[in-house]
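Got some structures for you, see below.
Next, two complexes with chain A in common: one pairs it with chain B, the other with chain C.
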Partner chain A sequence: MAVMERRMWDLLLILTAAPHSGDVVTSALRLSQAVLDRGGSVRVWACGYANMMTQDTFGDTKLPNTRDPKGHYPSPSAVVQRMIADGEGRFGWIACTACSEERGAVHHVPQVRHRSPLRLARTIASARQTLYLGGA
Partner chain B sequence: MDARTAAPGAGTPTGAASYFLIESKGNWAGPNAGTFLLDAVALAEAGHRVRVLLVEDGVLTAVGTDAPEIRRLAGAGVEILVDDFSAAQRALSATTLSPHVRLAGMDVAAAALTEDGCRGVWH
Partner chain C sequence: MSSTTTAAARTGLGPPVLCVLDRAYRGAVEVQFFHALYGLLDLHGQFQRVDVALRGAAVTMAVEEDVYRPSVRLGTMTLDTLPDYRGSVRDLIAEDFTVYVDRDAVTALGFAPERLVAGTICVDAAELALRWPEYDQVWFV
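For the complex of A and B:
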């Protein structure tokens, strides 16, 4: 009987903090990029209000910065999309379906995978290292 | 956690493990931040390799030349790193930090967390 090998990711970040709660999203993205720069692979599991980051209603840019009206400030969904594209299969973003539905945040950008929380344990088993960011 | 509960197990040939602990909370965030650093001390005193990275508001723990938490970690042999970006965001320079710490980028965390057998914890 053939046995399907499960892909192992180097790092899984379970992002439980709300994006507006502090610097945690910046830290998660910086750590992800650092692992990608080393040739590693990273997946982010967005939990709770972290699911608001990848809504397709954001468009590509944030609202204009009146102190820098010509500046370009990508939206969080644009940042995630760029990292997925640049990662060429080494960066993934997962939206928790239960958390998304509870918040009415079900319109994710198409690059985001949707997963039931029932698959969280299996997702953790597919990573060599898992970190919870933002508290339980 | 104390040195007894943190005792090395029989899972590795030497019994010692490698920990990379990341503290993102400032001291005022509640007692858990200090407790997390005490866990690092207990693990180091039990013979494990322990590295602590202070990030976000956690970098403020390293301010000053005589921060007691940092002194305790250094005394236990813990390697203490301060995230350079978080320090810069809070207008902290290397001269305002404890002599027991060194500035490091997120590349150091990425390297540690992808080492074989390294146990990472983010608080």
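For the complex of A and C:
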């Protein structure tokens, strides 16, 4: 039988900055989309508070906007789910199990992979390039 | 409902507050409408007075412009619900907030004070400090 080859991703983004610290999440998603548009593959490793973004308790939409109650505002988890679906295997999102547990945020949407930080080096090794975004 | 009466009775109970904003960017895709200025708009009714002072990079929220459309394409989705900060500054003015904008920060970032959203008040840092005693509380938001 064929030898099993480990999949290589074009880019790994390690999202260490907290979402509220700046526009780091938007930057990560735009950068990911740019790579996807060029036919590449991207994986995001959510570190620290970035793990809050994919909790299944958000539902599909954000809380109602009191100034635009009929407006549609997708939740962060819905945005990630949509990118995973639209990426058709070329976009992945990894939740760090330690960071998630430390924050009591262990209920991720099912499309998110759970990975121990003990597998960080292996994850980096399976990407051609790795970028850290933000500081811890 | 009696809750309506309660809400009305509470209106304006809180002290006069000056909210100072120094940090402008705290997320976009994941935040959308739910940013600091939105929070202030909704707090308004609970306090006798809520005013805002924009300093540092936050002064850019009050720079008028109507060309750039905050929108991003992610997958098959076009997200056009990103924060509209100057729109929120216009809303603050329309709802009788006083919005101070730090002049040094505006000019340091290369903007002309004339380009600020109409109704905002461009002030020197020292002048802003002189207004603090008009408030019972100054919040660094």
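The rule is short, and it goes like this: the second predicted complex is superposed on the first by the 132 of 136 C-alpha atoms of A that agree within 3 Å, B and C clash if a C-alpha of one lies under 4 Å from a C-alpha of the other, contacts with A are read in each partner's own complex, and residues count from 1 in each chain.
Note that a residue touches a chain if its C-beta (ideal position, glycine included) is under 8 Å from a C-beta of that chain, and two chains touch if they have at least 3 such contacts.
Every value quoted in this text rests on a predicted model; they were computed, and no experiment measured them.
Of the two partner chains, chain C is the only one touched by A:53; chain B is not.
With both structures placed on the common chain, the touch criterion links A:65 to chain C but leaves chain B unconnected.
Look at A:23: by the touch rule set out above, it reaches both chain B and chain C.
Of the two partner chains placed around the shared chain by superposition, chain C is the only one that A:74 touches, whereas chain B remains out of contact. When the two structures are aligned on the shared chain, A:82 is found in touch with chain C, with no touch to chain B.
Once the two complexes are overlaid on the shared chain, A:105 sits clear of chain B and of chain C alike.
Residue contacts after overlaying the shared chain place A:12 against neither chain B nor chain C. Comparing chain B with chain C, more residues of chain A are touched by C. Judged by the document's definition of touching, chain A residues 22-23, 30, 33 lie at the interface with chain B and also at the interface with chain C. Residues 10-11, 22-24, 27, 30-31, 33-35, 37-38, 40, 128-129, 131-133 of chain A are the ones touching chain B in the complex. Within the complex formed with chain A, the chain C residues making contact are 25-34, 38, 41-42, 72-77, 79, 81-82, 91. The residues of chain A lying in touch with chain C in their complex are 19-23, 25-26, 29-30, 33, 36, 53, 62-63, 65-68, 71-74, 76, 79, 82-83, 85-87, 91. If you check the complex, the residues on chain B that touch chain A are 22, 24, 55-57, 85-86, 89, 105-107, 109-111, 113-114, 118, 120-122.
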